[in-house]
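Take a look at the structures below.
The two complexes that follow have chain A in common; it is paired with chain B in the first and with chain C in the second.
== the complex of A and B ==
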């Protein structure tokens, strides 16, 4: 599975979305399922999936799918390839 | 009743709007022009909502605090009353899982007394600055507001949460000195690697809304100690307006696992293993119908908490379980038997989560069941765990073996 697919899957699991649900345009609190609790599950899922430890500031800044892609880049995970 | 000390400040962190004597007086005039009786207030974390709340108190009109994001048509119809008891000031909902929530009837005296008791044990002075971290229709959130207003302190209104940048910006911008959290928020703070040194004015954290794991109690007490701050572990129920006990931070290590001592004026006794609280902040009773709102006090200052526990020789209370099969999800009580009446599952209480066991369900069915149960409870889906089992373990008498299920968690 590509990095992009793995990240999408992490979002679907954490936000309790069906398989194949589009997630690339998701933004924090635009989607009713993405609240503070789901955010915590999401960060945990991303950390597990990519074996990274995300900093506090990055956790708070991860306000959209695009931001998650950008932040993962900082940790050496290139999602866009 | 007037909860608002003349020196108190309430400021909206986003709009900069503040609560003034004029704001409350205007809300009072608006309310006085409306038909009498109970005031139903879907309470937002905003200046106008708080002004209306305080105005209702001043006019002696009982106010029902409601979640602004839910539909309360049934409740409003059921409790619309003009005949109300003169002592009645505040009505709060209890666990909403059964569809027909009861209301807790609180007198003006109980609300004011509890605000004073809390302010005393937490040493809330006019210099304190709290920030909203919980909804105001939730008894813990309401008590943070009340106990600060009554001491002339400041309350900063922030509608985001600890997972958002704006929240932490507001904490430093307004010099917040204390924050109140429930166990699920402490779990989040741990994940955020919360460091109190980043918030130089912060001096205390409070915890209520269910049991916090003792390792997190120690962890957060230590984090706060590094900056000369404190963690207050507390115990309450909506029925007690809501606080009953606080653990003095200097005794926390030695009394780890305790929820503390009764507030000034209160006592705990253990009657048939059940924790019974007596104090001036106990509710007048419950209400199921509009007619109940005319009733006086039926409790006599005593509250059977439904918790099992013991009190040590220094008066520290330790909670050991629940009498009824109850669980808590995100700090909100749920009746496990009600869950089982509505879904084909066996329900047990996890750590701030509801765990249900269903026989032979697929992953997809488990996911669907989780969504349905969470919707029925009106809670977030991540508070419900569905576990598929081949067959539920049974006791020799044919009943479900809950001990076996609990030990599998």
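== the complex of A and C ==
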């Protein structure tokens, strides 16, 4: 599975979305499933999936799927390749 | 990184400028606020203590916002201790993001940038209804950003989950970890249990809030609280004071204990409850809280109904004023505030 697919899967699992649900345009709190409680699960799911430890500021700033892609880049995970 | 850097003089210079701009900002955008200022004969302030304040109770009586209806992103509500009355705080996207960032910067001043394994001294059950968290639930969730590998100290019935705590400490107890909870829950459910079961909280950093009333009723003073927590190894303890009407701004206890400090973007003024004049250091009065964060509602200068006292200026763990909260003003005595507002509104 590509990094991009793995990130999409982490989003779907953590936010309890259907298997093929589009997630690339998701924004924090625009989607009713992505609230502050789900945000905790999402961060944990991404950390597990990519074996990274995300700093506090990045947790706070992870406000969209695109931001998650950008933030993972800081930790050496290149989702867009 | 710290947001506790400015001396009182430097802070007042910055805050007077920013808050004066904010007064104009709200005056132009929030009509009731403008009317209140006009009725009270507002002149531009020449000092931070001279900035016009609103009684915090006003947010329970009036819808005060400085943004158009279609930019309202979130409405925060808080029920006070009296139950029926609810404050309504309107946030747009920008102010919601900013308050989260500033709270983050404040807490990171003591925790650093890394998230720590975290004990939440609460129960997950209170988050069951995801559409309407209590203020307590919102507080716990807000703080959970600073942790990872969270464990809930209480089970769904509100009983202490000693096995979960033991498991957590076995796995993470040898490195710094974070504990968050409301003061009386920490006392009842963490301190007592740690003592009874010999749990070692020596690497813990405790952040707690929520008022002392329930503890004072059990004759536990803030000093006693710190002293007793130290007996289970918990010596890094930070209480904080904050309110939903100034969301994102918290006044944090320094490492020596006993005093709360104001972040660079906030300040307090203690006022005589009869004359509203600023009290000198050491003299108790009503706490006015000042913050640059409220841009979507006029909550930038608020007179609370809490009593407090400034202990000193530029002489503690961090620069600026250091103060304590002493409790709530008995309700009957607070009449002056609402009279002022009734005349104005």
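Points to keep in mind about this one:
Just so we're on the same page, the second predicted complex is superposed on the first by the 81 of 81 C-alpha atoms of A that agree within 3 Å, B and C clash if a C-alpha of one lies under 4 Å from a C-alpha of the other, contacts with A are read in each partner's own complex, and residues count from 1 in each chain.
Rule of thumb we're sticking to: a residue touches a chain if its C-beta (ideal position, glycine included) is under 8 Å from a C-beta of that chain, and two chains touch if they have at least 3 such contacts.
Keep in mind the model is a prediction, meaning the values are calculated, not measured.
In the three-chain model built by superposing on chain A, chain B clashes with chain C.
With both structures placed on the common chain, the touch criterion links A:16 to chain B but leaves chain C unconnected. Using the contact criterion defined above for the overlaid structures, shared-chain residue A:60 touches chain B and also reaches chain C. When both complexes are overlaid on chain A, the residue A:24 reaches neither chain B nor chain C. Of the two partner chains placed by the overlay, chain B and chain C both lie in contact with A:40. In the three-chain superposition, chain B clashes with chain C only at 58-66, the remaining stretches of 58-66, 274-282 or 310-318 being clear. When the two complexes are superposed on chain A, the residues of chain A that touch both chain B and chain C are 35-37, 39-40, 43-44, 55-56, 59-60, 63. Against chain C, the residues of chain A that register as touching in their complex are 35-37, 39-40, 43-44, 47, 53-57, 59-60, 63.
Of all the residues in chain C, the ones that touch chain A in their complex are 97, 100-101, 104, 107-108, 111, 113-115, 127, 130, 138, 141-142, 144-146, 148-150. On the side of chain A, the complex with chain B involves touching residues 16, 28, 33, 35-41, 43-44, 55-56, 59-61, 63.
On the chain B side of its complex with chain A, the touching residues are 161-165, 168, 184, 187-188, 191-195, 330, 367, 370-371, 380-383.
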